[in-house]
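We just call them A, B, C and D in the order they show up, numbering each chain from 1.
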Amino acid sequence: MDILHKVFIDPFVQMGMAPDLLVQTLWDGLVGGVLYALIALGFVLIFKASGVFNFAQGIMVVFAALTLVGLHEQGVPAFVALGLTVVVMFMLAFGVERLVLRPLVNQSDIILFMATFGITYFLIGFGQLVFGGNPKVMIAQQLYLPSGAIEFKGLGGFVSLQKIDIAAVIIASVMVAVLAVFFQRTRIGRALRAVADSHQAALSVGISLEQIWVIVWFAAGIVALATGIMWGARSEVSFSLQIIALKALPVLILGGLTSIPGAIVGGLIIGIGEKLAEFYWGPLLGGGIESWFAYVIALGFLVFRPQGLFGERLIERI
Amino acid sequence: MRAPSSREAALGEVLLAVEDVSLAFGGVRALTGVSFDIRKGEIRAIIGPNGAGKTSMLNVVNGFYQPQSGRITFKGKERTSMRPYAAAEGGIARTFQNLALFRGMTTLDNILAGRALKMRRGFFWQLIRYGPALREEVEHRRRVEEIIDFLEIAAIRKVPVGRLPYGLQKRVELGRALAMEPDLLLLDEPMAGMNLEEKEDMSRFILDVNQQYGTTIALIEHDMGVVMDLSDRVVVLDYGRKIADAAPDDVKSDKNVIRAYLGEPHGVSV
Amino acid sequence: MQSVDLGLDTLPKLLIHNAGAIGGRSAMRHKDLGIWQAWTWVQMLEEVRAFSIGLAERGLKRGDKFTIIGSNRPRLYWAMCAGQALGAVPVPVYADAVADEMAFVLAHAEVMLAVVQDQEQVDKIIAVSDRLPHLGQVIYDEPRGLKDYDHSRLIAFEDVQGLGRKKLASDPECLQLWQAGVAAAKGSDLSVILYTSGTTGRAKGVMLTYENTIVSARNANAFDHLDQNEEVIAYLPLAWVGDYIFSYVQSYVAGYCVNCPEAPDTVVQDRREIGTTYAFAPPRVYENILTLTTVRMADAGALKRKVFDFFIAVAGRWGQKILDGEKVPLRARLLYGIGNLLVYGPLMNQFGLSRVRVAYTAGEAIGPEIFRFWRGIGLNLKQLYGQTEASVYVTAQPDGEIYSDTVGKASPDVEVKISDSGEVLYRSPGVFAGYYKDPGKTAEVLTPDGWVHTGDAGFFDPKSGQLKIIDRAKDVGRLSDGTVFAPKYIENKLKFYPNIREAVAVGASRDFVCAMINIDLTSVGSWAERNNVVYGSYQELAANPQVYDMIARHIDEVNRSLAEEEVMAGAQIRRFLILHKELDPDDGELTRTQKLRRGHIIDRYGPLVEAFYNGAATAEISTEVTFEDGHKGVIAARLAIRDMQAYPARAAKLERAA
Amino acid sequence: MLYREAGQYKTNYAADMAVFPILQDRIGMLVILLVAFVVFPLAGSDFTLNAVLIPFLIFSLAAIGLNLLTGYTGLLSLGTGGFMGVGAYACLKLTTFFPNVDIIIWIIASGFFSAAVGVLFGLPSLRIKGFYLAVATLAAQFFLEWCFIRIPWLYNNSVSGAIEVPLRTFMGIPITGPTATSLTRYLVVLSIVVAMTWVASNLVHGRIGRMWMSVRDMDLAAELIGIRLLRAKLLAFAVSSFYCGVAGAMMVFLWYGGAEADVFAIDQSFLVLFMVIIGGLGTLIGSFFGAALIYILPIALRAIPAAFGLPIHPAAAEQLTFVIVGVLIILFLVMEPNGLARLWQIGKQKLRVWPFPY
């Protein structure tokens, strides 16, 4: 009974007793979730348009951030570096389409999936060769990103919000908004949506598949860059990040592989969920359950709602 | 070529009885109150215009679909819902309109796979694939070779079925079904997309199966000529309802049937 | 040499003897249900005995004739021996014979009983059964499709064996009786009647005694040192004396194993699996394999092709010498060695010939380059000359004395002489006992003192001392101006070109020689593909002008070579056409052994022959043809006729320069 | 060309269904075994045995394990590392509790534990497929990793948090632990791998293998011929994890001689997956090819510059290998999506029909 008490009563008592901590945890979870969501967003963009399950999304985040910082280290002014990084991400997208996707066109999914592993390995090695393997500090203030924290009392304690986190949330929201508009309003955006449904439809809009692939991979690259900056600013720019990026997978399971809003919501659920779990239930298990909690949630989902929260239902016919 | 006398003799008691079966997907009604029976040793044809619910009927019979209402009695035992593997264990084999072969495996392995239920040697023996396990393999290989010989596909014995022309793949699929030594064999358009020669071969095989092994056969077919030659009795479905159930010649003259088919692009070719 | 030791003077006796002496060895194999089902001599004796006694149960008696119809299956061979054990006489019939032809033979031989392979043959027999008053039982091997047939006269092979086994089990005397019956038979007894689809007229039933066949077989085995370790593949027609001797008698005598292929079209594959050591085939077979090789190699990569051609050239240059054990320069030996590793070995292996010790070709002249090719890559290919009336062997080439244009020296125990008219005659223990129910014909062929008229014109080649066959004696005619005209000789020269499958030379008592050509669909077809010539049918391809040009080139070469032999120089080909259909045994144009029936063809295509000599540029022809399923139809066509240039004798070389 | 098949005929089905029906193949196999068991032990340096052959064999075994699941049954798994870990830790606990039992027995036995875990995480496979299943196995991976770190009991509460392999002998000869020579360890590994490969080939060539492949090729049809999908899939998970578990145990006990949890991190899963894909899905020989390429290639790459006397920083070499491996993976996928095994087959076929092109 004691254990049941520990599991089902204590945590909530704690929440009630120290609402400030609760809010703090929720906020941290929210921010983490936003970043997961951004990575997941990258996955979704590519999966929607090219049906490729892009395992390299995580490393693309690291790579983008590394490039930015690395260039700046070489004495390139921050915003020029930012511009250059964007160019690099475009070149990456272009290269991927030319050297990987095109030769592998109409191969089975697993093959394309494996190919993105190849890309991952390449980027890891390449990134390290060029910029070195050791962690770097994000050039936050050079990019005029706020630092420091806002603290306010209340809730029987005080809650502190890192300004960078707030910025992250805002930027993320803006980016999602922009993407949404891009998909809904612009011709290319509509083409991309069409591709998701049928390739013929896309061609009818007058855009070749190759172009579309380049575009989505580029878009994913930009998202990755933004993510990298945010994440880098919060902690540091290092390759360990790519493992964390795998968290985007459970996010996708929740959100569904093809749904942008799904990615956002899923990200938030996972982010907040795992923070709460870690903070209130983690100690019971000796802590560190963050590392797998997300996946277990996903697992649960898989068994009961395989198509995710927003994904289209996949039905099998005989 | 087959004396009618022997046919009548072959017709035995009821093997499978379908009573008032209804099936619907969401709002769509696939089958409504269909009843008919299949008797031991006969070749039973199920015909009807596209979307008449023929395939759904087969899927109900071998457990892919669970009917919302109705009774199905197989070998005297009533059952409403069962999984396909249970149907297989019960002695129902099936081929598909659009092939369902194991493309990565050779003709031999595909047909051997059909013996899955007949092979019983335990996991341990499989590990060393020696003694009993090997003896079992050999014994079943022998049976399979008889089927291969029967279907005249010896030449493609060791070819991965993925590489075979369509007609041959159909044969291999039939072979896999035969390997199960079924009491009831369901054939879903066994001659779809075949040229005349292939059709003739396939008809011959179906007849020989029915005669040599006395297997009861229920088949869906569009080619009326084929149906008339092969089948002993014909069920006609239209929009999920049974509109006729009689001997081929009577069905041919049945006005409901003709009406049902007149609306059809490919009419009765008799 | 050897004569029959009286103990073993019949085939059933040999079977029993082998079962005792080498009982554990494989006697027969059959590729069936995916593997080689094998029978040892002991097992085979049991099978044969059971069937034999079953036959007796079914009323087969000494002296009865019974027929065997089907492809090479162990059970059909057993049936022969089983019948012979009862003193009955097997009369094998060509499985691809049309019902009518079959009816004639069966009626003429008064067969009481038939052992057939499958439904197809049963149907044929049923179709003509009203013409076969004597025929009773029909025993079938494969039950497939016969389930609903009226079984009052039909019975399955294993059921007959069942009868036999039951009898054996129930009645203790039965076995002794059977063995006594076997022992009672003598070497001089009639053992088999083989109907030769003679090149003219109706088939004649050649009667052979046990002695005939067994002595020939003994001598042949001794001649080529064949023993129980040989592996042969039985794929030639059962009804043909060649198969009877090679796949049956010689096997019983030597004790070697006979392998039956899975199906006629898997012979090459099956031969490869078995790896035969003793091979026999008409020239056509070696020719086809070679054609197949060239066709397949045409699709190979450039480099591979170069290598291949180079080493084949090496083989052509040195191979035969090496095979005949002559002295050759070391470099040649080395090259040949490499070639053997890279090309010859693998090639022989692909065709399952790498273990062959002796391979024979007979029945027709073989193309020199075909002959050279095979010997070049190390196949010990030899020629023999034989006849049904002689239990095959008349002459054969001893090892080391091989020539592409001779048929060898007189076989052991055989005397050969040339009559004044130039016809080849022979006398031997193998000489047949006469034509069944046809003393007249027998007298024509068989002289009182035992010499047989072969009907072939030939002479002994002075340099090699071996026999050379020019042509059928009666076919050697003369043109109106009296020059010698040996159609076969010319036809062979033509047929040596892979593109030409058959050729018919006409000209007897005419002013000049003309030729009707059958193109070879395999090689011309692949040529057409390579040069993207589109064609829908044989007829279309045959009418194609480009094909005509190609054939014209070949004929031109033939004319040149004819011009260089003064005897033949006058008989050059002046006009030719390509036939619109392939010559076919079903239309009586070829014999079952694929020999031309020239006379018949010339009648059949009379209009074409006329057109040859009235100078027309084209000719109308419509011929009745028989399709596989037996029903008849008519093919009509308008054929182009080409004129050819003739070269003055000996001046050919100059001409070529000009 | 090397193949001379004339005269190789089968008079019974057993011979026809043999794994190596062709004489030349059997000879080749014998030669390979001879080299592995005799030549390498005699000629191989400590480095070759320790840093090349032992790991190559261990990875091959893991690859076979994953191949049984992914290649033969069509279930994608990213949990290989975790399952290997289970084997290693199970082995440690077993030999700690029963130090006197021969370690080889425990190495094998540890497979059963990972098999059990495998089945547990295989359960969702009935409902889900493809990437979704991959994520499910990721859950296994991370959960297991977490256990390896957070449960001190698993590594006997050693201060370092790492497995310390104790000395274990077999008939007086040290097999594990610091004093075990690389030769003995090589021979043990080799024997186990050969034996288990033989078993695997028996499985895939028999009824079980056909069952798995039919599930892979078309699960509906498989169910139709009477196969129970869940059983088949769970069996695949069990056997696969068993192989991975044994591989993991050998990795720690017969190769590293001690290891921390991160040995069994997600990267390990990916590495093995590459081996399977590059080697060829659904082929045993492919597993060896894949292991050779993915594992030995980097070693070679590092050796090359040294061979030319180029001073190259180890870290740089490390990174360079990443780049090259990445490129290679893509290259192979583009050239031959069916993996090295397919190339091997094609080559073999060419030799068999030589001199003909087909």
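One rule holds in what follows: contacts are C-beta pairs under 8 Å (C-beta built on N, C-alpha and C of every residue); 3 or more make two chains touch, one makes a residue touch a chain.
In this text the structure is predicted, and so the values were computed from the model without any measurement.
Visitor: Not counting subunit C, which chains belong to the same connected group?
Guide: No subunit C: one piece.
Visitor: Report which of A-D and C-D is connected by more C-beta pairs in contact.
Guide: Most contacts of the two pairs: A-D.
Visitor: If you take the mean of the Cα atoms for each chain, which one ends up farthest from subunit C?
Guide: A
Visitor: Indicate the whole-number Å distance between the mean C-alpha point of subunit A and the mean C-alpha point of subunit D.
Guide: Those two chain centres are 33 Å apart.
Visitor: In angstrom, rounded to a whole number, how far apart do the mean CA points of subunit C and subunit D lie?
Guide: Inter-chain centre distance comes to 58 Å.
Visitor: Centroid from C-alpha atoms only, then distance subunit B to subunit D, rounded to Å. What do you get?
Guide: Using C-alpha averages as centres, the distance is 42 Å.
Visitor: With chain centres taken as the means of their Cα atoms, state the distance from subunit A to subunit B in Å.
Guide: Comparing mean C-alpha positions, subunit B is 51 Å from subunit A.
Visitor: Using the touch rule from the top of the page, what residues of subunit A touch 2 or more other chains?
Guide: In subunit A, residues 318 touch at least two other chains, as defined above.
Visitor: By residue number and range, which residues of subunit B touch two or more other chains?
Guide: 64, 96, 141-142, 145
Visitor: Taking each residue of subunit D in turn, which ones touch at least two of the other chains?
Guide: Subunit D, residues with two or more chain partners: 12-13, 16, 220.
Visitor: In their shared complex, at which residues does subunit D touch subunit B?
Guide: So the residues of subunit D touching subunit B come out as 12-14, 16-17, 199, 202-203, 205-208, 210-211, 213-214, 216-218, 220-229, 235, 282.
Visitor: In the complex of these two chains, what residues of subunit B are touching subunit C?
Guide: Where subunit B meets subunit C, its residues are 1-3, 6, 141-142, 145-146, 148-150, 154-155, 157, 208, 211-212.
Visitor: Give every residue of subunit D touching subunit A within the complex, in rising order.
Guide: Residue positions touching the partner: 76, 124, 127-128, 130-132, 135-136, 138-139, 142-143, 145-146, 149-151, 220, 266, 270, 273-274, 277, 315-316, 318-330, 333-334, 337.
Visitor: Considering the complex alone, what residue numbers of subunit B touch subunit D?
Guide: Result: residues 62, 64, 83-85, 87-89, 93-94, 96, 100-105, 109, 112-114, 116-117, 119, 121, 123, 126-130, 133-134, 136-138, 141-142, 145, 176, 180 of subunit B touch subunit D.
Visitor: Could you pull out which subunit C residues touch subunit B in their complex?
Guide: Touch residues, subunit C against subunit B: 32-34, 144-145, 147-148, 262-263, 266.
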